[in-house]
């Protein structure tokens, strides 16, 4: 008796050839490990100025269109002179935070006074992001890294879920790429422009960008954090900032959608 | 060590008829041959100090640290075979790494000491390995306060208010007993630690040594394990030297 | 894609669903967990007296939403972990329990549909509430709501919640919120169950439809 059920009631081998077990063992369809994000954070924006880098991200964790968490901190201080801004999936953000925490603990082992700076953290994160996308299991985020270069000049870099990286004196993720970058490029378009922009000027533009994003990004919040990395000192984290001087009064003059006057 | 040569000391994990594990006892000899290491548990933290014997003038001053960091909030100091200590520190780091991955909180100091001692103990049970030739002082601050432990080559671990291992441990222990433990402040403990290392140091055997002092303290370092600032180390060392010279003078007068 | 429809899609055909209204609220001396009692397969109520409040340690509990099978499996795993933890080390803090939930939900996010609220009381930290939504992220909150019915009570809870309420105020808050959720959500219903966790331990409460229902 043949104890293999797949051999029962089957065409004879000598007539039709061997049973192709590859077909028998095949799965139902293609396998995918790519997920979709569930709790998400929207844009992170950042620009260089004469004495460092300033970045901002709102405090919203969206669940689809539902404003689920309104106290999400998406600007992460990494060491004493670097800030990482994370948009995209919240669970992957928390995983990245764990990776960075471990990286810093390891960095502290030698106690030699040397510390990882922004370019090193940026390189690390870009390798992590590229490795994960190469496993077709990406971390669903777009990340900005801001801090100081080895030579003391300001550093700003972007890396996303595809492992794509680039640097620019003003960068934004998500809707910020459409709405904030044009505003930021008005004063910092090229690397050299940053030297002519003061911290106050940069802050004004950043606040303006966050306001425009609140006007026009349906997954945004009017409560946000501004982080300032200065070349001479520490990182300043200005939390729970609210959009100021918003312009809504003109709404009263809008009547109907064309010819209506009343 | 009257039983040396009876054959029971050749293999690890083999008891002698009177119930001793000679390999473990020999490991303790390696500890006794190395510079003194002490730990003090103070009001809101832990202070470590080691007498690092400088065996050659060619060694880079300040390099080859004997106090190490396991996690942000945990430090270690040890006497004995340095590579054994280094290996145990690596093990401690990976324990604390995986704890953080599982529970998303820092490992507590008692748990870390427990796990490390279990690792050390395993090295007394197999004939294919030898025991650790180090006594390790593990200490730190966690959410239940400051903790200080010593792990011996046997794998035994004890909680202490003041701990000492290495060459000068006897002298160091009697000095530690004079301190107001555990009420002493971290800053005072640093100065006391420097003095104790100088007292425990035997000038006639080892000429040169480097003093290493680190601390973990809620008030002084925000719960992080760090080497003490240069100025504080220098002040502590100056006071210790002055005190040590005085005592030498006293000794001479007593002898008169 | 809307996250809520992802929740439903992730269920296998015929799978039992905790289309649910659950919440947990911190108050002065501890924390209260609350839930409805309806379990559905499609439109059929598979169980009308379900207990969605699950104990994972003495005074650490969770509210389960999503797939009944998945959340029961996860809760069982966490319960086992915490039992080991308490034998080896000490009474587990609520954060540790929530982190174990989070780790399991995150590393198996492709396979699970589980939305969990983990809440507990311990002497050091008092009452704490952690939310672990679909992707496996962890969010500490003063209070948390979840499940399909929760979408109807975001406004109710946001205006009525006050930090440091008394026990009785909190019971009323949870009862009021779940009453609204049950009223508007077809996937929620039955009795309202509550668990009160304080320094005195565990207290169970139950409220029947004829008690909490108001006139339409």
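As written, the chains take the letters A, B and C, and residue 1 is the first residue of each chain.
Keep in mind that, in the parts below, contacts are C-beta pairs under 8 Å (C-beta built on N, C-alpha and C of every residue); 3 or more make two chains touch, one makes a residue touch a chain.
Please read these numbers as outputs of a predicted model, since none were measured by experiment.
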Core chain by centroid distance, with centroids computed from Cα atoms only: A
Greatest separation from chain B - chain, by CA centre: C
Contact pairs, highest-scoring chain pair: A-C
Rounded Å distance between chain A and chain B, as computed from the means of their C-alpha atoms: 45
Gap in Å, rounded to a whole number, between the CA centres of chain C and chain B: 48
Separation of mean Cα positions, chain C and chain A [Å, integer]: 30
Residues of chain C whose C-beta touches two or more other chains: 102, 138
Interface hub residues of chain B, defined as touching at least two other chains: 101, 104
List of chain C residues in touch with chain B within their complex: 89, 93, 95-96, 99-100, 102-103, 124, 138
Sites on chain C touched by chain A in the complex: 1-4, 6, 102, 106, 109-110, 131, 133-139, 141, 151, 154
Interfacial residue positions of chain B with respect to chain C in the complex: 101-105, 108, 111, 143
Chain B-touching residues of chain A, taken from the complex the two chains share: 98, 101-102, 105, 108-109, 111
Chain A to chain C touching residues, read off their complex: 33, 35-39, 61, 63-66, 68-69, 71-72, 89-95
